[in-house]
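Which chain is which? They are A, B, C and D, in the order written, and residues in each are numbered from 1.
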Amino acid sequence: MKTDAPLSPVRLEAHAGPGQPDPSPELETLYRGFESELLVPLWTEIGDLMPLHPKSKATPHLWRWDRLVALAEQAGRLVPVGRGGERRAIALANPSLGGKPYATPTLWAAIQYLMPGENAPEHRHSQHAFRFVVEGEGVWTVVGGDAVRMSRGDFLPQSGWNWHAHHNAASQPMAWIDGLDIPFSYYTESQFFEFGRDTISPAEKTTPQRSRSERLWGYPGLRPASQPDALTATPLLAYRWVDTDRALAEQLALESEGHAVTLSPGHAAVRYTNPTNGRDVLPTIRAEMHRLRAGASTVVRREVGSSVFQVFDGSGAVTVGDRTWAVARGDMFVVPSWVPFTATAVAAPSPDGSPTLDLFRFSDTPIFEALHAHREMAA
Amino acid sequence: MKTDAPLSPVRLEAHAGPGQPDPSPELETLYRGFESELLVPLWTEIGDLMPLHPKSKATPHLWRWDRLVALAEQAGRLVPVGRGGERRAIALANPSLGGKPYATPTLWAAIQYLMPGENAPEHRHSQHAFRFVVEGEGVWTVVGGDAVRMSRGDFLPQSGWNWHAHHNAASQPMAWIDGLDIPFSYYTESQFFEFGRDTISPAEKTTPQRSRSERLWGYPGLRPASQPDALTATPLLAYRWVDTDRALAEQLALESEGHAVTLSPGHAAVRYTNPTNGRDVLPTIRAEMHRLRAGASTVVRREVGSSVFQVFDGSGAVTVGDRTWAVARGDMFVVPSWVPFTATAVAAPSPDGSPTLDLFRFSDTPIFEALHAHREMAA
Amino acid sequence: MKTDAPLSPVRLEAHAGPGQPDPSPELETLYRGFESELLVPLWTEIGDLMPLHPKSKATPHLWRWDRLVALAEQAGRLVPVGRGGERRAIALANPSLGGKPYATPTLWAAIQYLMPGENAPEHRHSQHAFRFVVEGEGVWTVVGGDAVRMSRGDFLPQSGWNWHAHHNAASQPMAWIDGLDIPFSYYTESQFFEFGRDTISPAEKTTPQRSRSERLWGYPGLRPASQPDALTATPLLAYRWVDTDRALAEQLALESEGHAVTLSPGHAAVRYTNPTNGRDVLPTIRAEMHRLRAGASTVVRREVGSSVFQVFDGSGAVTVGDRTWAVARGDMFVVPSWVPFTATAVAAPSPDGSPTLDLFRFSDTPIFEALHAHREMAA
Amino acid sequence: MKTDAPLSPVRLEAHAGPGQPDPSPELETLYRGFESELLVPLWTEIGDLMPLHPKSKATPHLWRWDRLVALAEQAGRLVPVGRGGERRAIALANPSLGGKPYATPTLWAAIQYLMPGENAPEHRHSQHAFRFVVEGEGVWTVVGGDAVRMSRGDFLPQSGWNWHAHHNAASQPMAWIDGLDIPFSYYTESQFFEFGRDTISPAEKTTPQRSRSERLWGYPGLRPASQPDALTATPLLAYRWVDTDRALAEQLALESEGHAVTLSPGHAAVRYTNPTNGRDVLPTIRAEMHRLRAGASTVVRREVGSSVFQVFDGSGAVTVGDRTWAVARGDMFVVPSWVPFTATAVAAPSPDGSPTLDLFRFSDTPIFEALHAHREMAA
């Protein structure tokens, strides 16, 4: 009695086409043999498996910030924060990735929300993470006992395997976005997780303006002589908006003075880096802030790997493949692998008075650079 | 009529459990809102997404060499080799990866088969590849015009984006195995492919014993002064059995003489490396040959990432998680991420007279090492 | 008539001793043969050439700042600055290095002096350099057209082969110190020099508070996305005292709060680094600022390679080998290779009110680290 | 009355010239002040210290092998080998380096000679070393207990801080050359030395054809999986002539077949490398073997840093700066920094039948590459 084939997950069908064998009873027998032995031929799969260039399963998509915040507020009332669920985080699910909480095949992007006085319990995981604050303040992320303030425009990297918790010390709720490499770690099956204390100590609920990490590491080009060389993970736990903003403003000012320091005319950008090695702030995630002068556009380009953007300020239009959206503060969108992208700032200052379009971006580029697989092209 | 929700791929269900909000009509409304906006909360997914350690979707499985060869021979009669299908390659499909041609989540492993006089057309791709020959001879792989002989025990790396074709110059068919990072490239959407000439020139159909690459690079510790430093891809196109065999035999001999040069008692191993930088032979694939003295076992260990093995010679038993198989020449099996593995050589020499168990292994370890995400433990 | 031997620079003398051949007429003949053929045996030289540990030819020595400044002022009146002499720089000559302008066998240290309105002409050289300002202001160093302000406490690296000039825009003279790897480059015969314009353009004689390099690079952990990766030379042309001072103060404050961030109790230190790779600010020179709390001492240690120190502020005592000096602002001293060094801050605040002893230090350590030859020990 | 000035090693003289201050009594006073304070101005020294390009203190020079061997044999009769003198090594003393045993400012090159049955006692030092054998056999170098055969054409690297001794197991004397970075270590004051056992054990006086290191590491592209990654020092203790010869012969053969694998027409070369990282075989010394086809010449070039050559086989002419010599087996010569060099093989096979000119070369290039200070040019 034959029972193997029905149980096999492999399903092969002979079909005509270039490079395909002629359908025949013998071929059918062969294909049943493949199924029975859990084998799949290259010739039926190659077009999908090995395309001429990346054809992303992900879709360009945009999420409106007001909708995200509205749902997060609703969750704030209904969903407690505590051990087990760990975080009140709500992730973007790319429409063509099967309903999974993946903004792109490799990146997780979520809005996290904490009510006044709430604490998210301590844990650590091998996945690399960051927080970015588009609005609000009042939450401190406590990393290994170091309380790090979160305020509008701040970028807080959280490299893998560091203990961390969140604490809302204010009288109003706060929302921010989290970025992680959860889908990549999940797919490559390389993730570890450990629960910590359910609540941090009162002593850790301090609310300093500057974290210990900033007091130790937050100076351009200076490193504490007591610390070891070239740390894999950045020891700087907050990159403040005051610095980011000034760096971008100066790039545009220098451009106006005639110096070639922008990516293209009117397009300034800074990358967050690990000060101990000058490389990307996290081993798997690149994070950048871009600023477009009113009326300026980025060069249209495509690159290997995917990105998630959040509009930090201003307004404009973004085009991802064949989709174009008008965007405003807080809106988030994804750029799948090898899909052309460009952004344009509105010609006149935005209604809120911002003379520029500021875009926060994170991507999986360091993965490809580490493996010598990165490519990009203007297009 | 609004129809977004029904079209959403997101499906959320409230359920009781630690860290979960209490089911309620308001929660249902919230979840419908999430679905409508393409959002997924962390708290319903965290157990699967962020486990305490990798829990592989892949299953330990073993493929018998005689069954692979029998089906490949059958395919040799029915399936032509040519442009479009590109290769008569038949891939291992892990039983729990949905019928896809993935031996593991990141690795492709296939038997390739070429009839006398046949040619596989030229192409190139960004995926990294290798050939390993468990038996037979007669085929030359032509890489950028350099004809490389394939014989039992030889390992032929084929780093990404090099033109290559295969040519069977013998009067009998030949089978060998191919290993590639196709699933990894597919998932991360970083792959490129280009068609080359349909047939290589007669001048390239030479059948030299040593390829040009070996004549230039095949000397321990010597590099041609004319060549550039630290190539990403290994320039050595064949690692011959005579060297591999001798290296393993000498490790065991040195061990017998009292020197600590084996991985554990009776367990010798060599890694194929890129001579220009001493690192793994391919940026995404580690390849090794292991030899167990009769009666010896490997230390039981688990590590991040997955491996595919082929028994090169001898016989013994392998245990992958809760599965154990007796194995013989040519058998192939997979070790998923973080699943314990051990192998034992039979105590007496094998029927074919081999005094040892030789195991060829390849894995995705370089990916994790490059990203500082590798872990392993004895267990 | 034989005349070779008298012309030979080799002079050998037989002498009794362990490992030495017995003097004899035959040995004399052999030694004359060596001289004639320009040969020197190991056995007569090994004790000096290959000691058990470094025995420096250099001597611990201290130069008083008031004497340096007095002579520099005198030179300011007598010695013009211009093409040919290039700079009004006066170098420390270690007393046991033959009267050469070498502070140590590898390092050049000099006081440079510029009168009101004077310009030092443009040139570039492969030697790496820096300026450090212990007092005064008013001079701008113009590097590739970028005018960089020099003020008390500032550190200005000047990596090799960049065009540079100096311009005194003030109404009073200014002195500062220069550090270079001139002796190392000279000895290893690896130096290049090129003359530039005799005078920089009026447009370059601007006196901005912040240089273009600071406007582009002077933010902790942020890099301009338009700039290339991992530059050999630091692109940041000034490390300002406000940052250095704050970094040191915070280390001591964090220590007081119970955190292990100092080198030893009461001993804070920062290293100037290249922000593009996190490594030493110059390929051959390490530069650091140290701060000792009142009454604190550094751990006594010795290390391969030599250092030059300048007292930036406060007062205390330093011990180099068997020499001890009381030191005050501006004093400079050298620590030869493998000679033990320690410093102690006076127990009470210094007369000028400084509660600490601040020591600027530069050394040749990166040379030894790059060649895997660095060693150090507490002793 | 004590007068410092007469004791100062500094001697300054005012002289007229471009960039020099006008001689005057005041200038004399200033210069006496400099002398008294151990100071030297840049303006009197810059021409020598900072030349437009390296102007080596070393002189091109050639030593004839028959003269070296004759003196070594004489030393063999008169000079014992033992503790204290350590080695019967006789070093080349560049004629313009003051009679010191420096072939060049950074490199030591010596002929070493061991009589039948003699042992050179065990020691270790931080200086990096190698042996190269131009003729003879019979000596084994014992490195950490591993006896390494020395035969014609073999290259034996000896990286710093490994215990080593030499043992002549034959019935005739043997000579070979040693290369070390002794002058560089001496000048930079970074050397350590330790005495070992006076005599190695009988068990270590074995005379194996292949050392343990070769049995473990001597296979192209294969590394023992049990060994750690990327060792600073090469673990391969002998690079055999059979490999070097074949690699050179194949380069010329491939050139004849139309492939661009030589440095220039008729000029093949291999570099000895550390197989664990693909870099130079020693951190401070590059070693190469060059082969010129009969009648072929090298491109004339100059580079930063110095080289020592030994003619391994054949005959021809070499030009170093303005010196040209006809050379034959064993002759040694030096190429100082930035001095143009070229070699030409005799048009007809040499008297001993060799159809090529083989030149062994070592240099200090890795020092400059590690410090980003290397330059070269055709000239």
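We take it that contacts are C-beta pairs under 8 Å (C-beta built on N, C-alpha and C of every residue); 3 or more make two chains touch, one makes a residue touch a chain.
On a predicted model such as this, the values are computed, not experimentally measured, just so you know.
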Option reproducing the contacts of C-D, where over half of them reappear, out of B-D, A-B or A-C: A-B
Chain B and chain C, separation of their C-alpha mean positions in angstrom: 53
Geometric centre distance via CA averages, chain B-chain A, whole Å: 30
Distance from chain D to chain B - Cα centre to Cα centre, in angstrom: 44
Overlap residues in chain A, where contacts from two or more other chains coincide: none
Touching pairs - complete list by chain label: A-B, A-C, B-D, C-D
Residue ranges of chain D touching chain C (in the complex, touch as defined): 8-11, 17-21, 24, 26-27, 29-30, 33-34, 37-43, 45-46, 49-58, 61, 63, 67-68, 71, 74-75, 77-80, 82-101, 105-106, 110, 125-127, 160, 182, 184-194, 232, 283-284, 304-306, 336-338, 364, 366-368, 370-373, 375
Contact set on chain D toward chain B in their complex: 212, 214-227, 229-230, 234, 236, 239, 243-244, 246-247, 250-251, 253-254, 259-263, 269-278, 281, 288, 290
